[in-house]
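Before I ask anything, here is the structure I am working with.
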Amino acid sequence: MSTLSPQTRAKLETVSVATLCTALFKCGLRNQLIQDVRPLNPAGRNMVGEAFTLRYIPAREDLNPIGVFQNPAHPQRKAVEDCPAGAVLVIDSRKDARAASAGAILVARLMVRGVAGIVTDGGFRDSAEIARLDIPAYHHRSSAPTNLTRHQALDINVPIGCGDAPVFPGDVVVGDAEGVVVIPAEIAEAIADEAVEMTAFEDFVSEEVLKGRTIIGLYPPTNPQAQSDFAAWRKAKGR
Amino acid sequence: MSTLSPQTRAKLETVSVATLCTALFKCGLRNQLIQDVRPLNPAGRNMVGEAFTLRYIPAREDLNPIGVFQNPAHPQRKAVEDCPAGAVLVIDSRKDARAASAGAILVARLMVRGVAGIVTDGGFRDSAEIARLDIPAYHHRSSAPTNLTRHQALDINVPIGCGDAPVFPGDVVVGDAEGVVVIPAEIAEAIADEAVEMTAFEDFVSEEVLKGRTIIGLYPPTNPQAQSDFAAWRKAKGR
Amino acid sequence: MSTLSPQTRAKLETVSVATLCTALFKCGLRNQLIQDVRPLNPAGRNMVGEAFTLRYIPAREDLNPIGVFQNPAHPQRKAVEDCPAGAVLVIDSRKDARAASAGAILVARLMVRGVAGIVTDGGFRDSAEIARLDIPAYHHRSSAPTNLTRHQALDINVPIGCGDAPVFPGDVVVGDAEGVVVIPAEIAEAIADEAVEMTAFEDFVSEEVLKGRTIIGLYPPTNPQAQSDFAAWRKAKGR
Amino acid sequence: MSTLSPQTRAKLETVSVATLCTALFKCGLRNQLIQDVRPLNPAGRNMVGEAFTLRYIPAREDLNPIGVFQNPAHPQRKAVEDCPAGAVLVIDSRKDARAASAGAILVARLMVRGVAGIVTDGGFRDSAEIARLDIPAYHHRSSAPTNLTRHQALDINVPIGCGDAPVFPGDVVVGDAEGVVVIPAEIAEAIADEAVEMTAFEDFVSEEVLKGRTIIGLYPPTNPQAQSDFAAWRKAKGR
Amino acid sequence: MSTLSPQTRAKLETVSVATLCTALFKCGLRNQLIQDVRPLNPAGRNMVGEAFTLRYIPAREDLNPIGVFQNPAHPQRKAVEDCPAGAVLVIDSRKDARAASAGAILVARLMVRGVAGIVTDGGFRDSAEIARLDIPAYHHRSSAPTNLTRHQALDINVPIGCGDAPVFPGDVVVGDAEGVVVIPAEIAEAIADEAVEMTAFEDFVSEEVLKGRTIIGLYPPTNPQAQSDFAAWRKAKGR
Amino acid sequence: MSTLSPQTRAKLETVSVATLCTALFKCGLRNQLIQDVRPLNPAGRNMVGEAFTLRYIPAREDLNPIGVFQNPAHPQRKAVEDCPAGAVLVIDSRKDARAASAGAILVARLMVRGVAGIVTDGGFRDSAEIARLDIPAYHHRSSAPTNLTRHQALDINVPIGCGDAPVFPGDVVVGDAEGVVVIPAEIAEAIADEAVEMTAFEDFVSEEVLKGRTIIGLYPPTNPQAQSDFAAWRKAKGR
């Protein structure tokens, strides 16, 4: 059963991956960013969902002829049909973008099924088509060669590494224009709350800085004036 | 004499590099993608042409003062004047983008001469200008330093490596928004035919998936219903 | 006191980083490009200013809790307040983009203070916001994790390395759509003059090439006709 | 039950990893070498055994305090006790040698238990001590930091990648002074037979070459004289 | 004044870098190993001393002709004469081993002056000669080109990064056959004490394991029997 | 005809690669070291000879079945038979050590033929056997997979890159325990002379340093006393 409440999901849609990384840093978690992936489609909204994982290992030629996809239980195809609506499919491609992790047809199927997004630390083929689909997708770089050239899909929904980050099934995955972060399920609500608070403060600071105020004493608010200004701002803004 | 017929060229303009990679994979060719290059100008049309190659070696300082370009037989300049119209100039820069493979003036000259495109596994200088020219160009990343800083142009139209792919003069080079693939001359026609067939099927599948159909049994079409639906679709579409 | 005159600054706003690299190459300086950084905001104008530097070392966990920013003398925050208007803040992040070199609030403060630009060989967080600010910013790639995760700001305005280039305080830093180059202060005026001359010639050549003229004899102008045509062009254009 | 017969094991002890790679290449398997690992102890004998695998993912700080080893079911410790005598423990460390895959105490325990060897695509701590143990061990480079710094042991005896090679439990793993190769279980006997034949021929060729004979016609034996000389040599040597 | 007492130095000579890394890990310090350096001379004894640092930046050609060494205040030469006896000279070479950090003459001078060792995250020239000197030296790999080719010595005894580890002047540096670790000065004594304790336990465990005892319950000693056996062992050994 | 006189060869046998790099640096040549190769057999003597080159490109599967070696004109086999006695075979393997550049049988044939050495920027298979042969061999790392897995031998005795250095046929190649340097043929004699002089001075300095003398004023000899001491030393030593 899902551990991600609609309330937490809604909060996570309003905060940045950078702010979430800082909130995780305060908890001693320094490696939760999926390093070196970027969005194909710079959407306006955040990707938020629980991790559903797929693990690839290096392809052995005799086990990966083009015919393997005729098996309806092939893990790549099965993952695309089984990933729950609202979840994010996260693929461990061992940071190898020399062959595709998936292509536009599979990503379209995920979109139609209501999946919240897809992430690989390798690359997608048909990247221009994927960029036009209405589902957030993140990869390292485009990769035209068919999946079977380098990857064998092996396991569904086991803990994996993706972009040097640990990803456990059910962790909460959030992506924005900058990247993707993995929040342990147990602390997702607390991190979301903390990030909402931090975002309010950063929005206040941004406004002040653009008006010409120095960051010293303001960011962080070591000057009591900054604290009272922020309190007034929150009241005025209703945040 | 060219081995690339107008018919094959026309077919290759309608299919994706990803599809071509899969067709090559079926023939046992797994390394024909020029890895990790991207288009400077995201054109609407494919780049298609026979490979005309240029080989660089590391620059030795005493052999590469700025004056070398005064020699009209300098291989870089000669290649730009000799590359046939309709061909693609492919440069082996040893995956070294720390100095430019070429700049906007040379690329403009290629465009004016009717060359079909240019590819390097290094980088171009004047990349913003090149992006505005009407000739497809692919590189790893922008690179402002003059060519002579790292590269000595040496050979014209010999077999080379480019982005870890083997490139023989006359091979058929195809590029789209995603990357560049090298098709051995001898099989270009067969690969083009296969890719046209595959594209028809993938277009059918994409439509079905967007309508909500599962990929199981459809992609690949292990379900006889999928096969008959595809036959009907082809008939209706005239493909 | 500034060594960069308004005249030199104006000239440097009209020439490309690529042309400056060639002018430096002619002086025996081959490594002045900050390798592998790109602009977040593809502005229409060049970034020009004297280098004001900030040096990071790897973060030691006990010295870099979130609380360090409460110190108004923290070097990162101090650099942002001290970097002179018209200067460029250049950060040595040891080419490590796994954590942010800075974020949008600090970059906004630099903008408001009239700083000419910011460069890191690591990455910025809040990169989408920075891209919307009216100040040129260059990095290797986006990086959401807070600065303290990997970096400790240590020194202000000492000589540094950035992207494999040496950067001395007061060197003249120029950035365009392609990248960033570092010109030693002592030769900035001479390099600017040389680049203006080269740019006039390259603009002439580009026009000729687009009209269909061969590059042989024209680029470089070993054909006397090319030289006299260029003289006529300059006269006509008043350059 | 073991698929590796004593006869096959004995054959594999007499042939080189390089010869086995060529035999696998003839079967279309090009990626079975565990890339970029080397022996800590240059033993006189080959390491031969069936793969018993251990999978690591990136460590999450809260899940990997020093206390985790108090759990007798911790997968790293369990693998060391469960790996069968005569097998080879192969660890997927995601090619990350920044923290140790294991140390001398665990390797000593494997040795005492009769395990045939240990391989990681990361690094071992206590490498000087491991080098003095009588058990073959292979890694990328020495790595002093404790395992928990970067790795979380997760799975035992599942298919993994190691040094870009696919490794399935039960595959036959062979190591010599040069490296480690993975032979699919189903073809281990055939590959061993082929390699024994190839080794006889290569030993003959080596002797001939050292006597001064040209390689043309000899290696491969396109000259019938070479074939009859080899037949005579085999008879004389009893091989 | 030195913060490293003879007692602490003596203790650090008896423990391994791996054990020190674990002791530091328990304090929350995960990045104190100088990554990817190795000893040129596999000495029997540990290198122990306080860090005296030297910082290099990328060489600018005009500032680094061969004549710079005629200046007796050149930072590289000055560092060699100023590094205190008993200290370790640690060089920040930005992990660039394409040119030498130093050569045999300078290392010999350090040896004669009683310096405890030298470390670079780049490479040494004259590495075969350095390997015969009686002073521990660590680098990434051999590098014949003169220092000036890539490096400009800039600063003496400032905080630096070396092999991704932070190094502050006065930190205690320990090297063994496996690598080099940096212990913050303030905790050097405590870490030394902890490591001596851990070493006693690990020596006990090693003996037991070699006698055939399982690691479960022993390492760590969750079985009370293991604890009482260790107490008896310590008594018997006088440790 | 050879440009390398017996006198120059003899001189080059007595000096180090590091000293040669410095002599080349003085001539403005900064990139003549073959980066990141090491000797398999740490011989007592230098490798010296003129470059005879072999160029590899990435292997295309259909062109590189095991049968290609049956062709006596295969460039790899031909190079081994054609490389002149006294020359050094230098292979451009594009810094790709994932498959072998050559194996022990070919290297043995080169040895028997009187070839002076072999260098690749990739790796050798049968490395333990090669290490026992009486011919200097340099590579990046051991590589068991057969050549055909990644490489297609293409050209003999054309200019190449090897380890980021330019190598022209006939250049003089020198290797010692540390690495391999490439001296342009035209300046080989002058560089040899310069290096012999430098070696005499460095031997004098080493002796003085080991006696306890400071390097300031001695290395370089800015103190006139150092110059007169060196003159006396030369006289006494007859150098």
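Letters A, B, C, D, E and F mark the chains as written, and numbering starts fresh at 1 in each.
Just so it is clear, a residue touches a chain if its C-beta (ideal position, glycine included) is under 8 Å from a C-beta of that chain, and two chains touch if they have at least 3 such contacts.
Since the model is a prediction, treat every value here as computed from it, not as a measurement.
Asks: Quick one: how many steps at least from subunit B to subunit E, stepping chain to touching chain?
Replies: When the steps are counted carefully, the minimum from subunit B to subunit E is 2.
Asks: Among the other chains, which touch subunit D and subunit E together?
Replies: Neighbours common to subunit D and subunit E are F.
Asks: If you take the chains that touch subunit A and keep only those that also touch subunit C, what is left?
Replies: Chains that touch both subunit A and subunit C, as defined above, are B.
Asks: For the pairs C-E and D-F, output the one whose chains share more C-beta pairs in contact.
Replies: D-F
Asks: Could you label the subunit B-subunit F interface same or different, taking same to mean over half of its residue numbers are used by both chains?
Replies: On the two sides of the subunit F and subunit B interface, the residue numbers are mostly the same, over half being shared.
Asks: Among the chain pairs C-E, A-C or B-F, which one reproduces the interface of D-E, with more than half of its contact pairs identical by residue number?
Replies: A-C
Asks: Indicate the whole-number Å distance between the mean C-alpha point of subunit A and the mean C-alpha point of subunit D.
Replies: So the centroids are 37 Å from each other.
Asks: Please report how many Å separate the Cα centroid of subunit B from that of subunit C, as a whole number.
Replies: One centre to the other, that is 32 Å.
Asks: What whole-number Å value describes the gap between the mean CA coordinates of subunit A and subunit F?
Replies: That pair's centroid distance is 50 Å.
Asks: Multi-chain contacts in subunit B: which residues touch at least two other chains?
Replies: Residues 30 of subunit B each touch two or more of the other chains.
Asks: All pairs of touching chains, please: list them by chain label.
Replies: Every touching chain pair, ordered by label, is A-B, A-C, A-D, B-C, B-F, C-E, D-E, D-F, E-F.
Asks: Any idea which subunit B residues touch subunit C in the complex?
Replies: Where subunit B meets subunit C, its residues are 66, 69-70, 72, 77, 80-81, 97-98, 100, 103-106, 108-109, 112, 125-128, 141-146, 148-149.
Asks: Which residues of subunit E touch subunit C in the complex?
Replies: The touching residues are 27-32, 57-63, 94, 152, 154-155, 158-161, 164-166, 184.
Asks: Going by the contact rule at the top, pick out the subunit B residues touching subunit A in the complex.
Replies: The contact residues of subunit B facing subunit A are 16-18, 20-22, 25-26, 30, 33, 35-36, 38, 42, 176-179, 181, 202, 205-206, 209-210, 212, 214-217, 219-220, 222.
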